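Presented sequentially are two complexes of chain A, the first with chain B as partner and the second with chain C.
Entry: the complex of A and B
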């Protein structure tokens, strides 16, 4: 067979073919997401009320308690399934492309690493991410133990009169901390360290699920608005105005008093009213990208509008969207902590906000209960902000063009 | 053109952009970017389309390929197995691109490709150049990844780059290399016609020659037709077989490159040709300087659109002036009509020159005004002089409208009343200028 040449293609052969071929990432995402959904469906239909899904699965498949011996004893709820799916999105559409395009990755990584604080921030966020993901698998949830309340962190001590029973050494009337509770315990005797680790999971769930919802709605509204134009554009943008001016907090309080509000409701309400800015931003970006010659080149090659948006417009707005979303996350984390502090949060979860709220009455003699999650929350928010700024610099196409010349 | 059917035949193409508009405001007018353009491109031929920035040449090209929807006109494309079609009973043509449906348009996209002007924006910065070149293949249904890559790598070699550049990104290439890549992308679907929209104007002169050479080589190898758009006649001269000159949305002259450049018939072409830098002694031409400003395309001049700037504008019966003085009088008239003559600046310049203070008498002002517009102290034609003097008198008296009216009544060129038709000069060389019309006997030279 002669070498392939552009003028030897018989186009009749390909007539009628849409040329659609799903990328490997899409295939992988769909397969993994479907298996998670299947598990969720199985959980809902077949697992008994008080049974974990893996327990039920082991029973039905007949592998005995093998899952539990592997440490997979979790009983995920709807939020956890959603979290896993957003993680899959993150892996297949953000991490996998970075791996597949090493040249591009190296280029951006070089630019990114010029910003030292951002690298440290990324490291810290990785710790929080890994802790949130693996912590619940490795550590059991914090248990109440009234007798072990107010234990100080290791290497610190507290006046023995403040503790019901000192688990560490008591020297000179002061109770010292032990490695059993590295960051001490709360009034109810829950380990602060475990609480902080479990709080990482909550924070990561908030971060990932909200950004996914915000990105999905914002990108859809923005690109449709930019490409449809005319009255569609006008209508969508006026709707965005409404969303932006909506009193989300009051609405959330209303829902809270009527239905009660768990973490899922918090995430849903706050992300459903936070995408306005993203949509506007994507719209203006899409409009400016539509002027670029490579979009004309794609159109004149016969590419459909959907293809142009999917292959050119969205990837080129992605850098700005990622930056914007990164800067949006701290707001959600703070909002959750504030609501929890005011006693309006989901008391059934181990979030940092709940922990801070639990420790505020004991601030005088047991400050670690507030300080540990407070510092972690502070650092996380700071890290997201640093990361957002660094991404803005690293991914900014303006500076890229100047370097490219 | 011979009897052979041209590859591309554009007839009366118009593209108007409505101004105003929006939901609440009523649309008030239109920018006539392209206003009735007709030309043919033969098979294997290069047609150069030249004109200054903003004359509508890019818009014309984009309308031909329907990147912009044309307002009116026909674009008949006979390439890609469409040859030999004849008109339908209702007068429409089956190969009229402006009437193509979705599927036909997609098939048409395979046969016409474009090279763009700006190398920095013509490639997606997030895609490797190889993927960009191969993208049209997958759009048209070539789903085999390996074949796409092989074809793109072969093309990279053909345009003078290496197959190893497939995975590199646009920022890693220079402007000239990117234009080579753009040519590769335009070739990948094996088109019949390539439209090159100012492909070298963003490049250094030394690189320009390379890219032009590549384009010519590719064209002769694959028998492509090229529509080459440029503002630079010296570039067009290198590459085009025929050239069409555009001014303000219309073609004013079209013909074989050699004929148009050596013997331009339209005054606008004359001015463009005179601006081409020449090498060596003896070849020095008198450069023709165009006076006046480029008119607004939303409100183009009546008659011949070039008459507001034309150095050879026809004089009416009963007036016999030196051509440059005639041009200057018209300039004064157009400026007066636009309300752009400011007596205060005339006074300022006298004061600056003579240190005079207080009120200036009318004759000094009149003299200075004439000097500012390059007019002689007195016009050679007594009738014309009387009218001009009267008009200046009215202007100094503070009545600019009367001054403009007086000038307009006497100094009225036939060019502003009649839109010129094309006249042939032999060999397919045609131009649209009133001086060539048979009923205008006085050839002002």
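Entry: the complex of A and C
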């Protein structure tokens, strides 16, 4: 086929900017998100109080207990539906574009893999992600079993006087751990390993939902502020100043004190007070992009402001926003753990912080209860920081020049 | 616009921000049922009285029967005149309880702030001067470690290690030792170490990366050509411009740690400071004390941000006040 010449191109075909044209990703996202929403609506309207949504669905569709045999027996709440929708966003707007542009993906991947700690971090985060996603499907929730309290992790041992009943071998007055509880058990006899895996789900929910909310508000405020200019810009930025000055943890404590709060409230409050930095960042980035020549070119070709923002400004700020969001997530995970540790968190969930707080009284003789979730939390925060740093390097063309010097 | 005018405007703005936060707190409080009233109703019902009457009496006693704007103005007046009421749970005025807490908080907060401010930039610039040497890598590893490890978890582990297993430091905090004594230094060493590790990472990273830019600047070449000693060159030509972007990070890091982690560290180490006071007030449902502690932290945050902006403009003579 001869190379395309610009005078042979049917420009009418390419001039899709006049109407509203949705990309394949948007279509896919809307379709999948709608089905999740439909499931959520079905759950709310038709599933009985004590019935899981998949159980109800299987009954109505008439497939019998097939879902349960697949391990999908969980009963999702509002937070879980939101989590799935944010996951869909992540798949269709981050992973799918990477797949659609293999050349750019390979280029960034090559730059990214030069940073070895970052690759290890990505691997660890993938483990946490996969564990959080699949763990609850493969493992049943940790069960209390008072007789199996304080079992040591496998290969370790504990003085037999500290355990009510040793499940492993007792050699020379020391109780040894078993593979049934690879990381030992808590005082109540819950498996620490299962608790840690379930904590991954909570951490991933916090990470994905807060990031989505922060990104949505931050990008909207930033671009509107940059494009509106004048007093709108001034007012919005002053508002951002106020949001940034709020001591979030204390404000959350106040809300908790007055109204009481669970994980949903935690996510809402922390993400509603965390977008200030992102908005500032997007604004300054959008201002500098607005000066670029390709924006002028788009404008001259008759693109509307909305199209310029949607097609040129937001995609070009995206790389720096992703970096910024990666560096925000550890703060949320830490805040949740801190609150749980103080006994002010959502006691109905199996988060890492809850586990650390549960093991604190037995620290002297059963340190694994605190150490296992604490180290996992530390590694996760560390991985997010390394990843953010590496993304900053990989996505910033300036570092290439500096390396070459 | 001159510096003086900028500072005045910035101070006015800080006052506005504090007003907004106080107002938000008021709205939160006004929209929620007051636990004291429910308590009065329960009390009356238990004693065989009329709960409705008790509720009204309690509302009158607390001035809740007044219209909303009167209550708002009363609230503002008492906040800004520091009449923060009586703490039921401590049986003393709220301000007195807060000052007592501050006394213990200051004992460890001043050392860790000073240490972070002194060590952080120095190590950062040193790292930049010896970039990609083993010392730089060690400093970077330490920075990431300190930044990533949750302070309260680190505190627990250190307490277990040095307090319980090695028995080097006391496990229980004692309030009866003199401020400037060896015992006090020993019991505060771990909290200070934990907080310094937590706050210094970001400071080291920023000062390292920022000063790396100035290290290769032409004015450094000139300084070297003139025969300025490396120490003097780094102290005068690299440190000074680094301090400008660093001041932002420094203040926000110190504030973040102070507002977030000091509470946890006080709970872990049993220090009866402001953070633990807040925590105990929350648990004991002592509304006045909770509010008082919240305001102290809020004002610290607002003033910290104010100082950050002023320091930024004083340190960088090129800044244009019209841009901000």
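The rule is short, and it goes like this: the second predicted complex is superposed on the first by the 378 of 405 C-alpha atoms of A that agree within 3 Å, B and C clash if a C-alpha of one lies under 4 Å from a C-alpha of the other, contacts with A are read in each partner's own complex, and residues count from 1 in each chain.
Everything that follows uses one rule, which is that a residue touches a chain if its C-beta (ideal position, glycine included) is under 8 Å from a C-beta of that chain, and two chains touch if they have at least 3 such contacts.
Source: prediction; values computed, not measured.
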**Request:** Please indicate which partner A:179 is in contact with in the superposed arrangement: first for chain B, second for chain C, both, or neither.
**Result:** neither
**Request:** Kindly classify A:241 by the partners it touches after superposition: chain B alone (first), chain C alone (second), both, or neither?
**Result:** second
**Request:** For A:303, select first, second, both or neither according to whether it touches chain B, chain C, the two together, or no partner.
**Result:** first
**Message:** Once chain A of both complexes is superposed, is A:367 in touch with chain B (first), chain C (second), both, or neither?
**Reply:** second
**Request:** With the two complexes superposed on chain A, say which partner A:341 touches: chain B (first), chain C (second), both, or neither.
**Result:** second
**Message:** Just checking: does A:99 make contact with chain B only, chain C only, both, or neither of them? Give me first, second, both or neither.
**Reply:** neither
**Request:** Look at A:293 in the shared chain and tell me whether it touches chain B only, chain C only, both, or neither; answer first, second, both or neither.
**Result:** first
**Footprint overlap on chain A, comparing chain B with chain C** = none
**Complete:** Listed in rising order, the residues of chain C that touch chain A in the complex are 13, 17, 20-21, 24-25, 28-29, 32, 144-145, 147-150, 152-153, 156-157, 160, 164, 259-261, 263-264, 267, 278-279, 282, 285, 287, 290-291, 293-294, 297-298, 301-302, 305
**Item:** chain A contact footprint on chain B (complex, rising order)
**Value:** 23, 62, 65, 67, 105-106, 109-110, 112-114, 116-118, 120-128, 132, 135-143, 145, 147, 150-151, 154-155, 167-172, 182, 185, 187-190, 222
**Fill in**
Residue positions on chain A within touch of chain C in the complex are 238, 241-242, 244-247, 249-251, 253-259, 330, 334-335, 337-338, 341-342, 344, 356, 360, 363-364, 367, 370-371, 374, 377-378, 381-382, 385-386
**Message:** Quick check on the complex: what are the chain A residues that touch chain B?
**Reply:** 3-7, 9, 11, 14-21, 101, 103-104, 107, 231, 234, 292-294, 296-303, 307, 311-312, 315-316, 318, 397, 400-401, 403-405
